[in-house]
């Protein structure tokens, strides 16, 4: 069963289940956003948040909603989508569920860059994370390129470099004074504390800029699940394609890391959860993006709900995502899959 | 035994190259061990080292340092590196996934959570008692992962997803407890960063049975895994009981990693990376792969421990961190030189 | 319907780890015919076929597709003219037969044109021809070995190319299914004049279905020609080290090997 869309310049086909799941997930995102806007140390009533959003309400209420919660929520959604996309891309390309950027260490480049930036400039984490990620990407791809880009070599070299950079981060952490170290440690767990509209602009304009490339690459990516021989004989050029995917995946991960910190588990879990919802052997990039966004939003909202302890969002991503994944595993096992 | 014959015979040249590598690695391991006894904050002459073994004198500071600190530390590095690398090779072969890490079974996550709960709920702060708590935590979480992962009957994918989800969950739980309780953090940090510091002979002796049992189970598993590399069906037709074989290999990993984590805290990297280095020398045969992993893992840990004592790194850098700092570039170099091998 | 395409191998040499597999091998694949490559195990049959399909880059020599080196042409344009089904292909879990066959349309599609009328037609035709239409919505892993093989063939057919290369397409099939599959390939070849080249183990099946046989031995061509020319007592003994009698197949009149 599939539905087709045919326009003069565009033709696509969808499966009804994917469309239904997509609508369900979008509904969840909307519900979650509303809940996240309302809940917190200052709770809004069922209707007041809307009137404040439309311009009514006191100065304080407007400040809470517009300057604190909204940018934070939008950053969470954007960063989560980036994590989800990046994870699903790497997992599909490598045909390995463990090959997400947080597991194979592409995130540690961004983290290391951010730490160096904190030490050198005291602030400007963003620039540091971005340049750290790009530097790592160039280093890894440059070292892995040898008559083309072979996935296994890419992953292993990524691992080697990633672990070395993570160790470098530890080294830096142990060499600085206690206050900077505390700053760094919080950043390393991942937090969305004090996000402003600048972060929103960065992550969403980045996503928007990369969106055409993501749409374009989705088509060949769906065919990379076949073995190398087959996808090559279907006319795909594997090495340039893998290069493009790696670049895109690392850019997305860098966007997410520099706005939300290296939140654990999101990039790893989003893809498998999305595929479990629509098990049709396709990469489910869109699904992974929405699941990632939902996970980060839920984690951040949870971290705001307990203001007295101030747990960073990075603690909650696995606390929420882990049980979801375990539940899906049990469901699939009962159905006789896996 | 038919299973032995399933390993493809190597050409003579390849086999002799392997033996030469084995000798070279063994020699450098001995050299590193000797250096590790000799150097540190206080260099000790070869003569004193020798004396401390043959004519121990408790009044001499040099002898105390060697027998009370450096030797246990050296042995701990040996055991930790060898155990982690061996279990890494086992889990990668078991899940048929080159990115699998022994931590995937939830041992590190469970052990950390166990220690944190112990501090948080019971208020225990004596590192010596953490050994058994960590062991228990690792064991419980591995059992959970095993059953959630299909109890030996599921696909490797299922085991991987179950393990990754549970370990992330445990680590996050532990971390949130630490953020809530400053006191727990202070005690825990000492444990988790401890690495190979302050390990004493009685601890080693108490854990030795686990290492020994783990090594024996790993040796048995290497035969089984050689057959299982050919696929579950072929292995079954060779007379192997898949569920039992998987269970044995998992037991080996639990013994080795549980003992390591309770001795030296969670150490990443060695278990994931060293098997890839070992495969460059050993080829596809699991028995050789395990042997090389053991030796290379031990070597890497001793080297890391030794360089961690250099003044550049403040004189006392964690061995796990140094292992990643040294091993990462080494892996890149090996892969660029030899090309990557499939599992 | 299909653009004409011609395949020619010119002095191919391939070596793995310094062991030569193909040695200075030249061959022509006749247009619109069924060519079968035979030879003993490890004689380089598969490597030859993979070289023809540009999956194996030769150390020297070249494969010419329409007179131009296949490695110098755009991969996508080659894929519109030449399809290959490699040995033991693999697909992601959960993929349905229809989705798999649709993947065969890749060289005719793009990110913007993912499902045109031609795509739908070609996929439907491939499913019908292989008799897989009623299994179209089942996931691949739920099928038997024979059905799965047909799904793969359907994917190669949906690619809608003038040249079709098959590496041991009859593996995993029992004798009736082998005959059925080869008859299907034969009728496709007769209907649409598609050029087919395949590797087959079974010399008797090769003799029955081939228009042209290429017999390889130790990485070089031993002899080529029609079945009657190639399948002789003398050739069989030299190619396969097989002592045999050749009789004429009482039904089809093709040569039939009876090992002694």
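Each chain gets a letter, A, B and C, in the order it is written, and its residues are counted from 1.
In the analysis below, contacts are C-beta pairs under 8 Å (C-beta built on N, C-alpha and C of every residue); 3 or more make two chains touch, one makes a residue touch a chain.
As the structure is a computational prediction, the values presented were derived from the model and not from experiment.
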Category of the chain touch graph - line, ring, star, complete, other: line
From chain A, the most remote chain by mean C-alpha position: C
Centre-most chain, if every chain is reduced to its averaged C-alpha atoms: A
Rounded Å distance, chain A centre to chain B centre (Cα mean): 31
Centroid distance [mean C-alpha coordinates] between chain C and chain A, Å: 43
Centre distance in Å when chain B and chain C are each reduced to the mean of their C-alpha atoms: 49
For chain A, residues that touch 2 or more chains besides their own: none
Touching residues (chain side chain B, partner chain A) in the complex: 97-100, 148, 150, 154-155, 157-158, 160-162, 164-166, 168-169, 171-173, 175-176, 179-180, 268-269, 272-273, 276, 313-314, 317-318, 321-325, 327-332, 335-336, 339-340, 342
Chain C residues touching chain A - in the complex, by the definition given at the top: 50, 53, 55, 75-80, 82-84, 86, 89-96, 98-99, 102-104, 106-107, 109-117, 119-120, 137, 139, 159
Chain A - residues contacting chain C, complex: 1-2, 4-6, 9-13, 95, 215-220, 222-223, 225-227, 229-230, 232-237, 275, 279-282
Complex contact set, residues of chain A against chain B: 96-99, 103-104, 143, 146, 150, 152-153, 155-157, 159-168, 170-171, 174-175, 189, 264-265, 268-269, 272, 309-312, 315-319, 321-323, 325-326, 329-330, 333, 338
